[in-house]
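Some notes on the structure that comes next.
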Amino acid sequence: MSEIAALVRDLVVANRILASENVVDAYGHVSVRHPGDPRRFLLATSIAPEMVEEAHIAEFDLECVPVKDDGRPLYHERFIHGGIYEARPDVQAVVHAHSEDVLPFSISAVPLRPVIHSGSFMGATVPVWDMADRFGPDTNMLVTNMEQARDLARCLGPHNVALMRGHGFSAAARSLIEVVRMAVYVPRNARVLMNALRLGSAIMPLHDGEIAARDAGYKPYSLETRRAWRYWAHKAGCAHLVEDHPVDHAHKPWGAA
Amino acid sequence: MSEIAALVRDLVVANRILASENVVDAYGHVSVRHPGDPRRFLLATSIAPEMVEEAHIAEFDLECVPVKDDGRPLYHERFIHGGIYEARPDVQAVVHAHSEDVLPFSISAVPLRPVIHSGSFMGATVPVWDMADRFGPDTNMLVTNMEQARDLARCLGPHNVALMRGHGFSAAARSLIEVVRMAVYVPRNARVLMNALRLGSAIMPLHDGEIAARDAGYKPYSLETRRAWRYWAHKAGCAHLVEDHPVDHAHKPWGAA
Amino acid sequence: MSEIAALVRDLVVANRILASENVVDAYGHVSVRHPGDPRRFLLATSIAPEMVEEAHIAEFDLECVPVKDDGRPLYHERFIHGGIYEARPDVQAVVHAHSEDVLPFSISAVPLRPVIHSGSFMGATVPVWDMADRFGPDTNMLVTNMEQARDLARCLGPHNVALMRGHGFSAAARSLIEVVRMAVYVPRNARVLMNALRLGSAIMPLHDGEIAARDAGYKPYSLETRRAWRYWAHKAGCAHLVEDHPVDHAHKPWGAA
Amino acid sequence: MSEIAALVRDLVVANRILASENVVDAYGHVSVRHPGDPRRFLLATSIAPEMVEEAHIAEFDLECVPVKDDGRPLYHERFIHGGIYEARPDVQAVVHAHSEDVLPFSISAVPLRPVIHSGSFMGATVPVWDMADRFGPDTNMLVTNMEQARDLARCLGPHNVALMRGHGFSAAARSLIEVVRMAVYVPRNARVLMNALRLGSAIMPLHDGEIAARDAGYKPYSLETRRAWRYWAHKAGCAHLVEDHPVDHAHKPWGAA
């Protein structure tokens, strides 16, 4: 199987996992940068993530124009992906979702921050982008052109996750498997933080050194993260689309450190 | 397939989706106005929505008398539908449900309002109807005649959703697909609002301009909403009852704006 | 099918529904008074409710001794049933369960009370029984003899539901179908009340007249409640154990009133 | 079937139950001490618990070195198990998990304590281990060597459960069946406590005498706990791996007391 065929198959798995893990519903999407051309990325045409198959995956340039336009309807918010890939050469994969449990932090002054170890990957700072700041109070709230997407990418800056006021979040990572992991654990971290805050005592977030150590400790396709990937695929009913990668077994996910 | 047969099939799908998405349980119902006669509407006879099949769909006049009474038991609260269709010629579909997560707002002075983009369709104002205001504190709380239903419709006024104190909500929309979308997202918006309020900081609801822009941007059978409809039908196990509508693909759900 | 065979089958269905609706788990039980002998009742031997079959149903006298002791292990807390049947000749069915969402009210001074129409059947007052009041702070918290069960029944008095501190609830009703409905809706009412209280405003419970009207309006085997029974059995995978009762179709669940 | 083969099979069941009951996800693990050699224990190699089969179970010494190293990847946090078995000769089984609903208590000053009867098995005191206290604020938060594991075991002391700040919990018990029961009910107790605290009134925890009576009342393989084991295995789809133990039927789980 070619590298690109394998990546398309992984992108199908990513879509199914995000649906199965309740990160996306009818809406939300996940993309991956083209391995052979950093000015392109792969994303499904307009369909709910749970129903994505390989034939739905299309190629887009960074302006979010399909490389081969066959008239199929497209996600209106595909621009989020182009905006982030353009601004962040280090980013290989992007998720946009409306996860219910991060939304309270997008409309409150209380910041979302990592308080559990699996939430560390969001990074110490999670900015909130309010579209109205630049585009006024009369938009339909969707990111439907490059100007809006570039503004969102500016707000994201060097961070991994940006909340979008009253709308959802966008996340960026070094690999498809990492962006899916982040999208699964950010809502969990949000629930733990909400529950802890309501207990009425001060709360203890992760130390910056812990966030850094965890970030440094994982390779983009670590063995430990593959374990989760295989499990989520199993739950999503697409274990048959996930191959074992025996070569990975030699990797130490927590290397010399 | 005739227009009416297609609509009956869509109404079956709507019932199954509302059950699968946890909007209704043994109780709750959804109706659609008759496409050929605005003085009639279609609604199931008494059965849980998840179990509705085409043979259960019956035709009612606006007084909620079945056009052909074959003695089958009827929903006691069918009057809600007649009352709203009578008062609101613009309304093509109605849902009544007891969704757990909107109920707290029906017994509290804290208003339900849209705080997430998918909740915009409830509109800026969601009135609360307290049956006791007009019918006293000794009713069984059910809307079982036209006088009660007309009072509820008066409270609903030009709005899209009315809460019913200690009971549930009734929602009205321009199409079956829109009323189902509203019924799915209103409880989600309620959960986000409850969680945000408990964080203890001021919260930021949608701007009126955003609510208006979103309302103006969708046609009653928009492509984007069909994507959700197909997904929800897939989850509910009745994808086979949903056809592709290729003609819709030409529509731009966010037209000139 | 004989009356007793039909009732045994209904008791199996009740067990399965309570498991499917998340009222019971490995523990918890439901019983029904013997239709031919008010000094006896039917209850499963020791097994998780979801796994109950007709062969598990045994007959007990009001001291909770099995009429025919074949050595099978018995529920330790079967005494709850005997205690309530003994004290309350009007009661035909009993549920004991540990539902998570009623438990907060059993360890707090905030009373559980009906705030939604489907919760009306618990009645205006829900007493809390603290076993330690009479049996001291060193029990294993289980009701394992008639003396304890009689004390619980005294606390229940003429009410429909008693909470048990840090343990669960016991509910009593005029029919199996009614006690199942109560057991399903009491936890839902508890969740709505918890959520409403946390919104921080005063809340509006049901009026006493509403509770009374609803109580008066339902017959023990009303058509409307059968609709829920059939639906819950369908979800629990035992629809085939539920027959249609065409004779009921003549009943008006909301009679002259 | 040999004793060790039966125990391996039980350990597979324990893994599946913990996944099915939502205690573990891709991460988390359960072990049992070797019945023939108290200096060894059984634990799966690196795989998500829901996917564990008999072939995944390996034998480890108390330093957490596999007795027969065949190069398969191992859980990084296996040291937790060795550390606890080394310090606590009374312990026969250990669970480590990241259950979402205990995490708020691990980052708040509000203590987790038993408030429901099924939570009694955690014991009156649940210490919180903060890895940073001894190993500083720059770790990756995982317990990946014996020094860290011994520090955790010191914090656990004579107790049954220790929370780990921002990470999860580790639980120890006299049998596999008991440690699974504890792992299922500790998160439930946490939810009830969170909900009760938010009602705003003082709450009533279990009495010390109740905790003691319950602890004394159960044998490590009591009949009542087997009922839960069989039910959880049934739900997890592995009922076929659970045999009846007719000899147990003679045991009285609440003996002379």
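So that you can tell them apart, the chains are marked A, B, C and D in the order they are listed, and the count of residues begins at 1 in each.
Rule of thumb we're sticking to: a residue touches a chain if its C-beta (ideal position, glycine included) is under 8 Å from a C-beta of that chain, and two chains touch if they have at least 3 such contacts.
Since the model is a prediction, treat every value here as computed from it, not as a measurement.
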item: Fitted rotation between subunit A and its twin subunit D in degrees, CA, nearest 5; value: 90
item: Distance from subunit D to subunit C - Cα centre to Cα centre, in angstrom; value: 32
item: Between subunit C and subunit A, distance of the C-alpha-averaged centres to the nearest whole Å; value: 46
item: Residues within subunit B bordering two or more other chains; value: 198
item: Chain contact graph, described as a line, ring, star, complete graph or other shape; value: ring
item: Contact pairs between chains, per stated definition; value: A-B, A-D, B-C, C-D
item: Contact set on subunit B toward subunit C in their complex; value: 25-27, 46-48, 50-51, 71, 73, 76, 98, 100-101, 103-105, 107-110, 130, 132, 136-142, 144, 165-167, 194, 197-198
item: List of subunit A residues in touch with subunit D within their complex; value: 115-118, 120, 188, 191-192, 195-196, 198-210, 212-214, 217, 223-224, 227-228, 230-232, 234-235, 249, 253-254, 257
